[in-house]
Amino acid sequence: ALTLTACGSSSKSSSASSSNNTSSVAAIKKRGTIKVAVFGDLKPYGWVNKDGKRVGYDVTLARRIAKDLGVKIKFVQVNADSRVDALSSNKVDLVLANFTVTSDRKQVVDFANPYMKVSVGVVSPKNALITSADQLKNKTVIVSKGTTAETYFTQKQKSVKLLKFDSKTQQFNALKNKRGVALADDNTYLYAWAKTHPTYQVGIKQLGQSSSIAPAVKKGNKSLLKWTNNEINKLNKQGFFKRAYNSDLRPYFSSDVKPADVIIEK
Amino acid sequence: MGHLGTNILFAGNNFQRLLGGLWTTIWIALLSLIIGLILGTILGMLRTLKNRPLRIVLRLYLEFFRIIPTVVLLFLAYYILPRQLNLNLPADQVAVLVFALWVAAEFSDIVRGALISVPQHQRESGLAIGLNHWQLFRYVLLPQALTLELPATINLATRVVKTTSLLMLISVMDVINIGQQIIEANGQTHPNGIFLIYGVIFFFYFIVDYSLSLLAKKVDIAKQH
Amino acid sequence: MTKEILRIEKLNKFYDKRQVLFNIDFSIKQGEVLALLGPSGSGKSTLIRCLNGLEHFSSGNLFFAGKKLVPTEKNWQRLRQKIGMVFQSYDLFPNLNVLDNILLGPTKVQKKNHDQAKQEAISLLQRIGLTDYTAAYPRQLSGGQKQRIAIVRALALHPELMLFDEVTASLDPEMVRGVLEIIKELSEKDNMTMIIVTHEMNFAEQIADRVLFLDDGHVLEETDGKQFFVNAQTKRAREFLESMKF
Amino acid sequence: MDLTVIQAAIPKFVAGFKLTLWMSFTGILGSLIVGLLCSLVQYFKVPVISKVFTGYVELARNTPLLIQLFFLYYAFPVIGWKMSAETCGFVGLTFLGGSYMAEAFSGGFAGIAPNQIDAGKAIGMNQFQLARYVVFPQGLSLSVPALAANVIFLIKETSIFSVIAIPELTNTALDLIGIYYRSNEYLLMLVIAYAIILIPLSIILTILERRVRYGSFGN
Amino acid sequence: MTKEILRIEKLNKFYDKRQVLFNIDFSIKQGEVLALLGPSGSGKSTLIRCLNGLEHFSSGNLFFAGKKLVPTEKNWQRLRQKIGMVFQSYDLFPNLNVLDNILLGPTKVQKKNHDQAKQEAISLLQRIGLTDYTAAYPRQLSGGQKQRIAIVRALALHPELMLFDEVTASLDPEMVRGVLEIIKELSEKDNMTMIIVTHEMNFAEQIADRVLFLDDGHVLEETDGKQFFVNAQTKRAREFLESMKF
C-alpha cells in the first residue's frame, strides 16, 4: 500500500501539465517513436493476422499518424478496461482502440475529433435471436470490461446479468460456449464477427444513443490533441477513412452495412 | 487429429510466434530470478542480524509480497508506479521488477531459514578458530546454506515460470497472449484450434517446469546421501 | 614457578534469570591438564564455553597470560586464536575438504602464507595418521577421524591452551581410544596446556594433573588428579564416581 | 484519493470478498480431500492408481492455473464438456491445490522418523494399525507448515479467476476501474481486502504451526 | 533340558549386492541371556532386526518355540507380539502420553480389555519407579526415563523373548545405570529370555550367559559368558575387548 498513500484522484494527479508532458508532439518527435494503444484481438479494427502482423482499421490509422508525424510506431496491446490507465500512466501517447466517446471518459482523457460512428449492439444465435432489449431481462449477457456496452447495462438495464471478460477473445469464446444468451458490444465489430459466424446475427443494431469513436490522449495533452484534430480533419478531406474502410472493413462486413453506418465524413 | 486443427499450429509462422512468446516468458523469468536471487541472498543475510528495526522492515517487505496476489502487484506496478513515483517502465520491465522483488522476498525467507538451520555448532566452531562475523558468513554459513536451499530455490523457479502466465494481463506479448491472437485470427477456419493452441501452451509450461522439478528432486536426493 | 596461562576470578553466569555458574575461581599453569568433571547439567560445558567467549559470562574476570581481558567481541576473536577448542559434535565444515578445514584458520584468520601453512597441516595430518584423507570431505570420514582432524584444525593455529568438551561422547566405542590417545600424546610429548571435560573416567584418571568437580554450577572440590579418583574429598563426588562404573 | 468513491464501491467489494472467501474455502477443502487421498494411495503404493496419481500431481503442479482455467472454461466446451464459471473455478483450484496438498501430506508422511515405524512394527502392529496410530497422527502434524503455506497460496490464486469472469475481488476491482477509471482507490481497496483475509489467517496459521512444531500433542 | 525359544539356521543377509551376514547359526533357550558383541558395522543390529522381521533376511530359517516361521508379513506381525524389542533411539510415540504408549500394543494390537491392561501398565510403571509420569508426554522425560518406559511398553505385551539393541548408547552416562539395572532385574527376577547388543562390557560381563562375537558379518566365536571376558578364544575378540577399555 506504500504507493497509494499520498495520491489524489487519478485524473487530477496525472494530468499532463505542459511543462513535463512526455507525450507532447515535440517530445514524441524527439523520441522518434509514438506509442499507440490498440486492441490485439478485435477483428477487423485492431488484430493480429495469421502472419503475426498487426492490421485493422485502427491500426491503419495509427500507422498513418506515425507517418505524418515522421516517427516510428510502437504498438501497445491493451484490453478495453486498461485504455484509460494506459494513458494516465504514460504507457502510451495515443489510444486508437475503438475508444467510444462518453461523458464519463471525457473527465479522464481528452478525445480528439471522432473518426467513426458506433452504438451498442447485441449479437445472439440465430436460433434464439434477441431482437429487443426486453428479451434480456434477467438473462445473462456477455460483455467486455470497460466497454460502453458494460456501462449501458450497468446504468440503464440493471435487471440484466452481466458476465464480464478481459479480452475480446474471451468474450466471443464465452458466447460460442453459450455462457450467455447474447453478447453486447459496439455494433461495428458485431457486424464483422457475425459475418464470419453465420449462425449468429446482430439482432439489436442499436441500443441507447449512437455515439462516436475518437482518438484519445492523456488529459491535458493539448499539444498532441491539437495536432490529432488537425490530422483527422486533413485525412477526412483526403478521403483516407473511405479508403481505409474499403480495405480494412468492407471485406469483413456483410452487405447490409453501409459505409455511412460506420465512418464519419464531413 | 485433423478435426482438432493440427494445421493451425503450423499455418503461417504460428509455431515460431508461439516459440517467440515462450522465449519472452523465459527471459523474463530468468532475469527476474537472477536479480531476485541476488537481492534475496543479501536480504536473507540481513534478516539474520540482530538489528531489530531492520528485521521488522524486511519482515514487512516479505509479508507484503507474500500476501498480495501477484496479479495485483503487477497492476500496482504497471499503473500506479508511473503516477506516484514517476517511474515509467515498459511492461516487460515492470514484470521483471515485480517478479524480482517478489522472488527476493520469498528467497530472503529461504536464505534466512537455511542460515539459521546451519547447526549451531558450525557457527561456534567457526568462531572458535577466530573467524570474524563476515568470515563466518563467507566461508562457513553461506556455502552450507546454499546447498541446503537448492531444492527450495528450484521450486521457487518453477513458481516464477508458472506465474509468468499472468503477464498477458499487463500487455506483455507472452506465449499466452500470442496464443490468443492465433486463436482469434484463425477462429472461423479452425473452430477447435482453441483446444490445440491451449494444449500446446500447457505442454510448453509443463516441459519447462517439470524439468525443473525433476532437477529439484535429484538435488534433494543427492543431498540426502 | 611455571607461567600461569589462564585465570578465572569470581565468574558468574546467568541464563535469563537462572544462575548456572556461581563464583567460579581457578587457574591453570603452562603444561598442566585440568579435568572438569561433574554430573550432567552441572555447568561443565557452560564454563568451558565461557573461557573462549562462546558464552558471555555475567560477571567476573578472565586473565590470559597474566593480562586481564576486556571482553569486547574484537578481543575475544583475537584470544580465540590462542585458545583451541574441540566439541562433542563433529564440527568440521562439511563444505570444505580436510585440508581446507585445517587451513581456514591459519590462512584467513592469521593470514599466514598458504604454502607454509599447508606444509604444516600435512605434517600434523601425518602425526595422526590421516595424510591419505587430505582431499576427502568430512562426510567420507568416520566419527573418530573427524574428531582427530578437528583437533588438528585447532592445533594449526598454535594455541597456547586447548579446550576439549566431551570430544568422544558421540563416538563409536572403538573409535574413542584413538582420539584419547592423541590428546594424551599432546600432553605428554608437546606439554600442551589443556582443560578437558570428559565422561571417560579411566582416561581422566590417567591424564588429569588436577580435577575441578562441578555440581549445580558450584565448584565442589578442586583436587589433585591422582587423589580425586582414589579418595575424593566430597561425598557428592564419590557418589558421582560410583555411578559412572557399572 | 476520494472517499466517496471508496464508499460507493464498498458493497461491490463486499460481494467480491464473500465470493473470494467462498471459492477459496471450497477449493481448499477440495484440495485437502484430493491431496489426502493421493498421498495415502502413494504412501501405501497402491498398484497402478498410485502411478496415475503421481502423473496427476506432476501435471497439475507444473502448469499455471491460468492455463488450466482456460482449458476448463474455454476449451472443454468445444469438445462438449461445459461447466459454469464457478464450477470451473472450483475444479481448477482443486486440481491445482490437490497436487500441492498431496505433496505436503506426502512430505509429512515421509518425514516420520524410521525408528517410529520400527517401534510400531516391534509391538506387532499391522499395516493399517501403523497407518492409523503412527503414520497418520505424526505425518499430519509434520505436514502442517506446508499445508498452511498452500492455504495462503491457493487463496491468492483465486485472483486469477477474473479471466473466467468470476466476480471475485480482483475481478471486481478491475471491472470498477474499467467503468469509473479510479485505479488508485480501487487498487487500494483491493490490497486492503486481501490483507483483511490473509493477515489474520497467516497469523493463525503461524500460531498453529508453532504449536505443532513444539509438539504440544494432546494438550 | 529347558525349552528352546528361538533358533536361527544359516541366515544370510544382503543389502543390494553386499552381503552383511554370513550363514549365522545360533539358538537361545528359555531364561538365557545372550550378548551379541562385535565392532561397529559387524552386523549386530542387522542380525537382531532380522530376528523380528524388521529386516528381511535373504536366506535361512527361523524357528520360534520349535516351529518354523513362514516369513509372511502376517506371520511376522503375529510373532512380533511375542518378541519385545527396544532400540537405541528413544522410540516412544511423541503424540501419545506415557500410559497410551504402553497401552497401544495390548489394547489395539492384542485387543485386551482396557481397564485390565491399564492396571497392569501401572504396576509395571511402579516397578521402574515412574508412576508419577503416567500422563506425561515423551518430550517431558529424560533419555533414561524414556528408555525405561520403552522397556515397559515392550513388556506389556508379555513377550517370551526381549531384544535390546544398544539401549544405553544415546544416554547420558549417569542415566545408563538405571536402565541397565532394570534389564538385569528382568533377567534375574523374571528369568526373561534376552538377546542384548551392548557396548557396556562390564554390564555384558555381569549378565551374559553366552556371548556371540560377530565380526564382518561372521560369527567368530560363541563362548560361555564368564569365559569370554577372561579368555576369549579368538585374537580378534581379545583385541576388541582391549580397545573397549581405556
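For this structure, a couple of remarks:
Letters A, B, C, D and E mark the chains in the order given here, with residues in each chain numbered from 1 onward.
The rule is short, and it goes like this: contacts are C-beta pairs under 8 Å (C-beta built on N, C-alpha and C of every residue); 3 or more make two chains touch, one makes a residue touch a chain.
Heads up on the chains, UniProt names are B = Polar amino acid ABC transporter inner membrane subunit; C, E = ABC transporter ATP-binding protein; D = ABC transporter, permease protein.
If you're wondering where the values come from, they're calculated on a predicted model, not measured in any experiment.
Common neighbours of chain B and chain C, by the contact definition above: there are none. Common neighbours of chain A and chain B, by the contact definition above: D. Of all chains, E has its CA centroid at the greatest distance from the CA centroid of chain B.
Between the Cα centres of chain B and chain E there is a gap of 52 Å.
Chain centres here are Cα means. That of chain D falls 46 Å from that of chain E. Averaged C-alpha coordinates put the centre of chain A at 83 Å from the centre of chain E. Residue positions of chain D touching 2 or more other chains: 74, 78, 162-163, 174, 183-184, 187, 191, 195.
For chain A, residues that reach two or more other chains under the stated contact definition are 4, 7, 10, 13, 82, 85, 88, 166, 173, 176. Chain pairs that touch one another, listed by label: A-B, A-D, B-C, B-D, C-E, D-E. Against chain B, in their complex, chain A makes its touches with residues 2-4, 6-7, 10, 13-14, 22, 40-41, 43, 47-52, 76-79, 82, 85-86, 88-91, 166-169, 172-173, 176, 196-197.
By the touch criterion given at the top, residues 119, 121-122, 124-132, 135, 139-140, 143-144, 147 of chain B touch chain C in their complex.
The touching residues of chain B, when paired with chain A in their complex, are 11-14, 17, 64, 76, 78-85, 88, 91, 169, 171, 173, 177-178, 180-188, 191, 194.
Per the touch definition, chain D reaches chain B in the complex via residues 58-59, 61-68, 70-71, 74-75, 78-79, 152, 156-157, 159-160, 162-163, 170, 173-174, 183-184, 187, 190-191, 194-195, 198-199, 202.
Those residues of chain D that touch chain A in the complex are listed here as 1-2, 5, 73-74, 77-78, 82, 85, 162-163, 165, 167, 171, 174-175, 177-185, 187-188, 191-192, 195.
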